[in-house]
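Look for subunit A in each of the two complexes below; its partner is subunit B in the first and subunit C in the second.
Here is the complex of A and B:
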């Protein structure tokens, strides 16, 4: 019996070495998820990001579910998701944008080039609202219900395959 | 010569920079607070908060624009009278424990704090038994 106990430390070592080796081969999850899901939006009122559309505030999120899209004109994946946002808007989804660290002329250029699916765009020059809702990058898209509660977070650009999921989450938030 | 001019033009057109914003940093991203005591508090806190864009650095160590915006939050909140603990809790409420480098006892981390204590107890018990046994062996030997 004693000799069996002697192998326990080696077995433990082998287990942890194996675990470490396995974890090294796994892809690292780079995303930091917001822990604000289920929480109401924080108070905010942002100035318009450019002259063409009104700014964005917490008070805009009443009555029906909407998408809150965190983006920027300098963000390359935001170009990739532009067609999907347009498709969502065509299906009757209202999309409120928040432009992170952006300039009015850059916002206007981006929208002229890649389309404008937004009903409002607020300008967040110091990432204040972004930090307040637990978003850690651009682009990110949140589903906000008719009472202003954050219901779902999509991290990264919206691919064609994500559109159905977002529509379902919007329906669930109704 | 023509090659050199061409190379210079291409270098000046440095395109990779286009993926960064061109906005000036937030007011308190690179400016210290005027009160040295408050700045020391802010600095100590910033060294224990994780940069979300560059996850192996603290926001004090990072030049990412988002880290600058987080430093601005820390300094302006300290200036407004919030305590470092309140600011840490504000961030943890948004990003989870992950944002803080200061380990906290929570429902997922408690084994980390309990395990060393348990190990110490086990080691202590084993030691006591062994030492006690040796002593009684020695006493037994004296009698014999």
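Here is the complex of A and C:
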């Protein structure tokens, strides 16, 4: 009887090793999706992030679907996604920006250097709006439909391969 | 050239590990007349030379980091010519490849020490032990050489390095990981010894006495490593907590729990020849936990606040090694442990009984922590994401920790083999009175959470009980190892007191303060004097200057910073601490609000420092225990060699002169 117990550690270990091996082969999804998808935008009205463009408010999201881009001048992936945002804008997409914890002069420098695809940019100095819409980092991009409802969330920088997906989501939100 | 020599040294060391393994295994096969196998003589020298080569390889990598040799991929991606020299050096093990090289360096060094100096074990057991040690080392050499070569050259040398994670540019990093690593490796020696003894069925007190210093040493290093790591997380992360039940923290706690149980179990085996199977089992378990920790940390199967360079392929490699060693060990255990003769018996109420009880409790806590750590992995297999935190760990581990602490207070007072409760009436009454008295007293002053309250009562009782074994003894005659036990148990009480106070009496304040504004916390008035930008060698920061006045006394200036590093870009929060004998004031600066006020977070944590003082006392107790054991051992050896000398002299005399009549 005693000898049966001696196999217990091995059995437990085998179970763990099997589980771990299985999990290692699984694609790991690091993104935390916002629970706000399908919900209307929270109330907000942000001051302009710099002198060149108006600020952003919930009231701006009426009539047609728009992109809401959470970014910052201090964020490196935001530089990487700048060309894709420009491409989206050239295809007629209106992009509203929210600059997180930023300064007007830095915002102006960034836009001068990497292009300005935005129609409006609000300044969110304490990440208030960012947290309220369920974004956990920069950059993130949301598709907002004509009624101000959040329809889709893209986490991380927009790569060239993501542009088509975003256009399709915008079309779906119409 | 230097890097190539390092790489060659590693390959040679790996080849010697093969020799050590084969030669050690040969020792198990004796000739028909019982003579030793001729191959067996190579095991010890192979281990010693291997130790030199592995340490050499590590020193060469250290040199490459010291001179920032940017033709090495590892240096280019983890260092920077502008970093202070100290952090260039600590950068050697602040990355995956370098830390694995440190691992095998320490592993080979301890194998060399064992082979060079340990003469007490039967040669067959020693051979089996060295074979296992060589087998373990071989796996890690393979891992280094095939999957994470630290000496890889870049085709074109980099112009500049890409830095080191700024969070890790801290003196804590210089000490914390190498300490933990050395502890893990010490457990690997205990593992090899356990397997060696199991293979030859020589599980006896002599074997336990050989194993004990390794377990004690590893345990001391783990204790100090965890203590340092906890303090580092406390002041560097700026969250004000000292333990987060994060997977990586748990990965270091689990081997410690197993090692604590093993240390007590091996003592029983050495002193009383009992708990043979237990000791072997715990020896395997302790090393399994350190390998499991390495796997969890390096493979990225679990998400943690500690961002290591994770790599599923390397994870698969470590999992393979884990399966080979631990799976193999458990298989041999299942096949062989039944054949190990049962040790001496003892009554339930005895020192052995108390130690067994505590070992079961420690194992239960280990199981709780292991389950909590792996549970997210299990649920994620079914696509459910959970996060297991303090609401599970605290009460679940307390269920077992509380009885364990109570028995720990009584255990050292019990006699070996069997005892009667009547003999300890006074001590038992004292312990019970202290627990109940302190809880009643504290509850009288206010309502506090249950666990910290129990902690305070137990801490008081344990502090007194830890000293009771000294009662009625001549202090100068008490063995050093006993002092070690008293000190370590007292340290547990001190640490527990700190944890309970932090849990019960901490005060926290989050305020937006304008320059010139004052906030009050406990009896401290904190005034924000100024906020200024400052620059360091590779960072810039916003620094707040806070004047702290206690009861209107002289101000002390605290300067918490919010730092921004530029290579790589990352921001960290540098907390500022004001340490008093009865606690710490902990201040962190946050962001500036629209209206120009600054977010300041202030904690008053009474007696929080006792957590780490306790940890140091526990470690010191362990060091005393090692020193005491080694001292006794050396004295014994000297006496034995004197005896041999005398016998040889007598024999020489006997050959010359006729034997005197008895």
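Brief remarks follow.
Criterion: the second predicted complex is superposed on the first by the 152 of 174 C-alpha atoms of A that agree within 3 Å, B and C clash if a C-alpha of one lies under 4 Å from a C-alpha of the other, contacts with A are read in each partner's own complex, and residues count from 1 in each chain.
The definition used in the following text is that a residue touches a chain if its C-beta (ideal position, glycine included) is under 8 Å from a C-beta of that chain, and two chains touch if they have at least 3 such contacts.
Keep in mind the model is a prediction, meaning the values are calculated, not measured.
In the superposed model, A:91 makes contact with neither subunit B nor subunit C.
In the superposition on chain A, A:161 makes contact with neither subunit B nor subunit C. After overlaying the two complexes on the shared chain, residue contacts for A:23 are found with subunit C alone; subunit B is out of touch.
Of the two partner chains placed by the overlay, only subunit C lies in contact with A:6; subunit B stays clear of it. Contacts of A:137 after superposition: subunit B is touched, whereas subunit C is not reached.
Contact with both subunit B and subunit C is seen for A:125 once the two complexes are overlaid on the shared chain.
Once the two complexes are overlaid on the shared chain, A:36 sits against subunit B while remaining clear of subunit C.
Look at A:14: by the touch rule set out above, it reaches subunit C but stays clear of subunit B.
Put simply, subunit A uses residues 30, 74, 76, 101, 125-126 to touch subunit B in one complex and subunit C in the other. For subunit A in complex with subunit C, the touching residues are 2-3, 6-7, 9-10, 13-14, 16-17, 19-24, 26, 28, 30, 74, 76, 101, 125-126. Contact residues of subunit C toward subunit A in the complex are 281, 284-285, 288, 292, 295, 299-301, 303, 312, 315-316, 319, 322-323, 326-327, 330-331, 333-334, 337-338, 374, 377-378, 380-381, 569, 591-594.
Residues 18-23, 26-27, 52-53, 55, 65-66, 69-70, 72-73, 91-96, 98-99 of subunit B are the ones that touch subunit A when the two sit in their complex.
If you check the complex, the residues on subunit A that touch subunit B are 30, 32-36, 72, 74-76, 100-103, 125-128, 130-134, 136-137.
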